Amino acid sequence: MPPERAGTEVRLRGVTRSFSGRTVLRDVTLDFAPGEFVALIGKSGSGKSTLLRAIAGLDDGVDGSGTIAVPDDRSVLFQDSRLLPWKTVLRNVVFGFRAPDAEARGRRAIADVGLAGREDAWPNALSGGEQQRVALARSLVRQPRLLLADEPFGALDALTRIRMHGLLFDLIRQRRPTVLLVTHDVDEAIKLADRVLVMDDGRIVLDRHVGLPHPRPKSDARFEALRTSLLAALGVSDDV
Amino acid sequence: MPPERAGTEVRLRGVTRSFSGRTVLRDVTLDFAPGEFVALIGKSGSGKSTLLRAIAGLDDGVDGSGTIAVPDDRSVLFQDSRLLPWKTVLRNVVFGFRAPDAEARGRRAIADVGLAGREDAWPNALSGGEQQRVALARSLVRQPRLLLADEPFGALDALTRIRMHGLLFDLIRQRRPTVLLVTHDVDEAIKLADRVLVMDDGRIVLDRHVGLPHPRPKSDARFEALRTSLLAALGVSDDV
Amino acid sequence: QPALPTQVPKGTKLVAADQNEALQTLMRASGAQDKLSSTVTYANFLGGPAILEAFRAGALDLASVGNTPPIQAHAAGERVLIVAARVSSETDYFFAARPGLKLATLEDLRGKSITYGEGTGRQPFVLNALKLAGLTKKDVKLVPLRAGDFPDAVRTGQVDVAALNEPHFSRYLADFADRGASALPSEQNRRLPKSLSYLYASQKALDDPAKAAAIREFVANWIDANRWSRSNADAWIDSYYVKRQNLKPADARKIVESEGDFSFPLLSSLIPKQQSLIDVIFEAGDLPKRLDAREEFDLRFDDVIGSKTN
Amino acid sequence: MTDTAGSNVYSPYLPQRGHESEPRPGAPAGALARKPSRLAFGRLPRGGILFGPVLLILVWEFASAIGWLSPKFLAAPSTALVTGYDLLVSGTLAEHFLASAKRAYLGLGIGVAIGLALALAAGLSRIGEASIDGLVQIKRAVPTLALIPLAILWLGIGEVMKIALIASSVMVPIYINTHAALRGIDLRHVELARSVGITRSEFLREVASPGALPGFFTGLRLAVTTCWTALVVLEQINTSEGIGYLMNRARDYGQTDIIVVGLAIYAALGLGSDLAVRFWERRALGYRKALNS
Amino acid sequence: MTDTAGSNVYSPYLPQRGHESEPRPGAPAGALARKPSRLAFGRLPRGGILFGPVLLILVWEFASAIGWLSPKFLAAPSTALVTGYDLLVSGTLAEHFLASAKRAYLGLGIGVAIGLALALAAGLSRIGEASIDGLVQIKRAVPTLALIPLAILWLGIGEVMKIALIASSVMVPIYINTHAALRGIDLRHVELARSVGITRSEFLREVASPGALPGFFTGLRLAVTTCWTALVVLEQINTSEGIGYLMNRARDYGQTDIIVVGLAIYAALGLGSDLAVRFWERRALGYRKALNS
């Protein structure tokens, strides 16, 4: 894995968001370095998706303040897979993707996520995990400079999940994107990310650099220690 | 936890299902004892949801054969949370629930899943995990004889998930329902279930009784052994 | 045929079809309504076809119409008979020529496009004009239109000639004088048949002695009321055109003047006239079969009409 | 689905009986009892839609036969059949039909195109909405009869005027339904489109149009009959051909058998074009059928 | 959203500029460049819908003033204003308006009720669909003008006949739109309903109706003007009061100013009722607005 480059790719200053009076993000200030892989964990309802959507610039109508600067070349993986039901799997993957060889790359991405042969299926006919993988393919095929992914592996079994992690690393190796990964899986966060943020009630309550070499076996003591401290920040004891 | 009672609560004989020629369930024959807690794991696309929907009697239009006998008094937790967008959280929870104190029980269930105060929110305004919890409350409040749950904790963080496990156990203690839990989390399956089924390509390839006393710490060697064998059946090595 | 009863029993009711509220206003303003011993209510319509349908459905006893609807009813096999007639000293319509076109005589209609309204009085009017000019339908281009569209068609030059009534005719000539609007000269117009309108009643009502008597009484009073409207033109204009129809007095006067004087001939004397009307329509190919005009009249009413004429 | 007291035996193709588990004593049977009910929307068997119309014709023929319905008001279907056959053989019917069809379908085509264009313009831009929407609301509130004088003034009394008025009537349901569907489009999809950074025209083609398609089809179902019904009035103006003209004339002369022939033509057109649109709709919206997870 | 070459500065309330990161050399800039475009559907500012109509009136007045549009064909808006004021003061207008409004809204109410009932019956049961759907398709294909003779025959020439015909016209868009919405209802929700075991009437009330509500509202938008436009024809029969009658009579006497007053009333009704329905719709479908995850 290449080290992060210097500079700031994503910059948030005093970002606050609230929905009809309920404050969901409280004064979030953050910088992501170019190429940095940041994992965001936190309790359900703590504001993770809200933060991700704010960074993606998808919250026009929402009350709030603060400034956000992000690159234009970004791709969003929504918490729901959000496929267009009237487009086949392939058309969903290359939707809005304007490379000259878009279709060929789309097919390759579909094969990568294990759905070769399902290119012409309707999204409604896919299983939950298959839909999620199509959404993943849609994001990966674009090779964005900034990837914002909201629980992209939530519906996947262990094996499929490991394969998808591999795909993500392939992308990182090739394009060095900045990644923000929202996940509820602490192990996954530690396994993948350079830096883990813990969010609670709209605030970043913990910001830890992982600093372990890849691959990172769970048996590693430093893995274990980081895990314990993250779980503690989430309010859980380790042996669960 | 009370032991399972004798008899057969759910009976499947030679159940086969296919979608436009693709066979998704292959000759599944299964019996669940009354009060048995069965976990179903398997790769994405292996047919878990299809089996659950068949047991729920929700696949009228699908090609297939075989017989299925299940109690009428059952509740289904879908893989998507499937809330009615025009009903508030409370109305969604008590939807179709005809107990005289339905509303009070609905409120209690909402509080149980950690959403007290959000009774009148629209489902669209909830976070992914919150929506999943509302769906859980909807199933639990009914105290069904047979609970069919399709990845009900997929979008939840560790802490929330533990709390939800607790709720499920409360229900089991009170009503001894038969439970079929589809999950992609092997640890969760071992932690909760009396029996774990592994599905692969439409077939039940492994059927193991857990036989451990509750609670079941991960550090227990028998836990670890079961885990290793289940992961092997899924094709994953343990340290991931 | 039994003689017309004259005794109107108490509680006899009549429903009369009106057009543009003219009949009811006439009867009320002239005071004739109060002299009726039956209860007459009015149903206001726009146009003959709807009135015929209402007759067919048994919703009407009596109607005031032009000269064509009785033929229409006859052709449709509906038994509605003429019980009174009113002839005016003027024609119903006037030929207006589109801006820039001049018509000196009826014969000039040759080769022109002319508005045509089947089922309305404008139909025999045009056909008669052609006949008098020695022309047939083939010598001109008849443009079927809804009556209401006639003025627009000629103003915009979509047709060469249109048969207009008042106030459209005068207003057209005045409004479009600058663009060369003109009309068939009035001495040519006098060659055409004069305006003829009817009261007609359903066979069913006429078969009912009480209603027949009430209709007889109505006819008598209707003749009085019409005479009143000529001798009290100002009161008539004010009570009908200005008050009820929202017309400007000047326009209203034009209309009343265009109607000329009224007379109420015996029905028997009208049979040849009606027959020639039928013939001209039939010859033009607009009737499925040749009809006998005698079947359209209830001649028992000549008795009461005769008593009013003198 | 066969429901029995405490157990539900389900078998899609083999109607054989599974085992029945006894009702458990502790279960709150009353509170949670499942009423057997089919809530899904089954599709009618082919031709099922004709059930109502055929029943109507039978009742009507019967009423005519026993004299409840005098042929003076309405000819019996059998009489109309004979008249219709005669008209057909003589070629009169085909002539009138073709004249009307030309007007109706030209008007339909133009009206659909305009309605769609306006709906897209109004649905996708503020300035479009501001300038178009109010005018369409006014247009549709004004009866066509009241528009005829203006149409004559600007377009004359020829075919252009008729086709324009048909198009303007057809445009209304297309606009309203498409516009409403556009406004009701799933915001999730709009967000997705924004997030992948597509152009306005791509958005139109790939998100807005498919999303609004169900609404468009509903509008089209209304439009395919509107274009014909509008003809009754319009074929009073400067025509001597057309189904509307035929009906008007028959009405003038009380030819109830011809009126019934006309009604039958309208009915056939109504059913036929509705079926055609729905067939097309089913194909275009085929993706809706599948359902999983 | 302010877009700059390689970076996107976003700030909802503070239009202050964030930092700009330099474009990264390796990034496939061309292929993935994001075109700035607003794809969301902004709501018009209050009264924005009047932009088009006001423009129309201004153009019309202007055309009248400079003589392009002769008052002989169409009175200027200002002339009509005077006439309208006179009619209003004299009470004539109110009288005619009330007469029409009574008919229109009675017919609307009845037609909406019937249309809804038929749509639900046809949308939720096979036998309902078989018996109802075909007949409604026929009914709507048959022009109202052709139905008038039958209506007169069965219902007379009074108000009942008129209200029945209005109701039958109003019924059509309500039926078609509600029925289409019912058939397009999200199968997921139907499944959920089946899985919780609700009764047919609960399904109707709690799933089918809310699910079909957007379609119903679209139908209602069409219906609120249909009920008025139908009056022009119907108020030729046995009436001496009503806006339709007023218009017809004005046409007879060539009173272009009164015709314009009538048009203005129709326009106001069209805009007003559409706004009313949309306001109601926005409230009833408020749940659609929120969007998360």
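We just call them A, B, C, D and E in the order they show up, numbering each chain from 1.
Heads up, the rule we're going with is that a residue touches a chain if its C-beta (ideal position, glycine included) is under 8 Å from a C-beta of that chain, and two chains touch if they have at least 3 such contacts.
For reference, the UniProt names are A, B = ABC transporter ATP-binding protein; D, E = ABC transporter permease.
The structure displayed is predicted, hence computed values, not measured ones.
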item: Chain pair whose interface holds the most contacting C-beta pairs; value: D-E
item: Interface residue overlap between copies subunit A and subunit B, same or different (over half shared); value: same
item: Chain centre separation (subunit A, subunit E; CA means) in Å; value: 44
item: Whole-Å gap separating subunit A and subunit C, where each centre is the average of the chain's CA atoms; value: 85
item: Rounded Å distance between subunit A and subunit D, as computed from the means of their C-alpha atoms; value: 46
item: Subunit D, residues touching no fewer than two other chains; value: 32-34, 40, 73, 149, 153, 188, 191, 193-194, 197-198, 207, 251, 285, 288, 291-293
item: Overlap residues in subunit B, where contacts from two or more other chains coincide; value: 49, 72, 78-80, 125-128, 142, 150
item: Contacts with two or more other chains, residues of subunit C listed in rising order; value: 53, 56-57, 148, 152
item: Contact set on subunit E toward subunit B in their complex; value: 188-189, 191-198, 202, 206-207, 210-211, 213, 285-293
item: In the complex with subunit C, residue positions of subunit D that touch it; value: 72-73, 148-149, 152-153, 156-157, 236-240, 249, 251-255
item: Touch list for subunit C against partner subunit D, complex; value: 49, 52-53, 56-57, 72-73, 75-78, 118-119, 143-146, 148-149, 152-153, 156, 158-159, 288
item: Complex contacts: residues of subunit E adjacent to subunit D; value: 32-35, 37, 39-42, 44, 48-53, 55-56, 73-74, 123-124, 126, 129-135, 137-146, 149-150, 153, 172-173, 176-177, 180, 182-185, 187-188, 190-191, 193-194, 197-200, 203, 207, 214-215, 217-218, 221-222, 225, 228-229, 231-233, 244, 247, 251, 259, 262-263, 266-267, 269-271, 273-274, 285, 288, 291
item: Complex interface listing, subunit A residues touching subunit D; value: 56, 58, 72, 75-76, 78, 80, 82, 84-87, 95-97, 122-128, 131, 138, 142
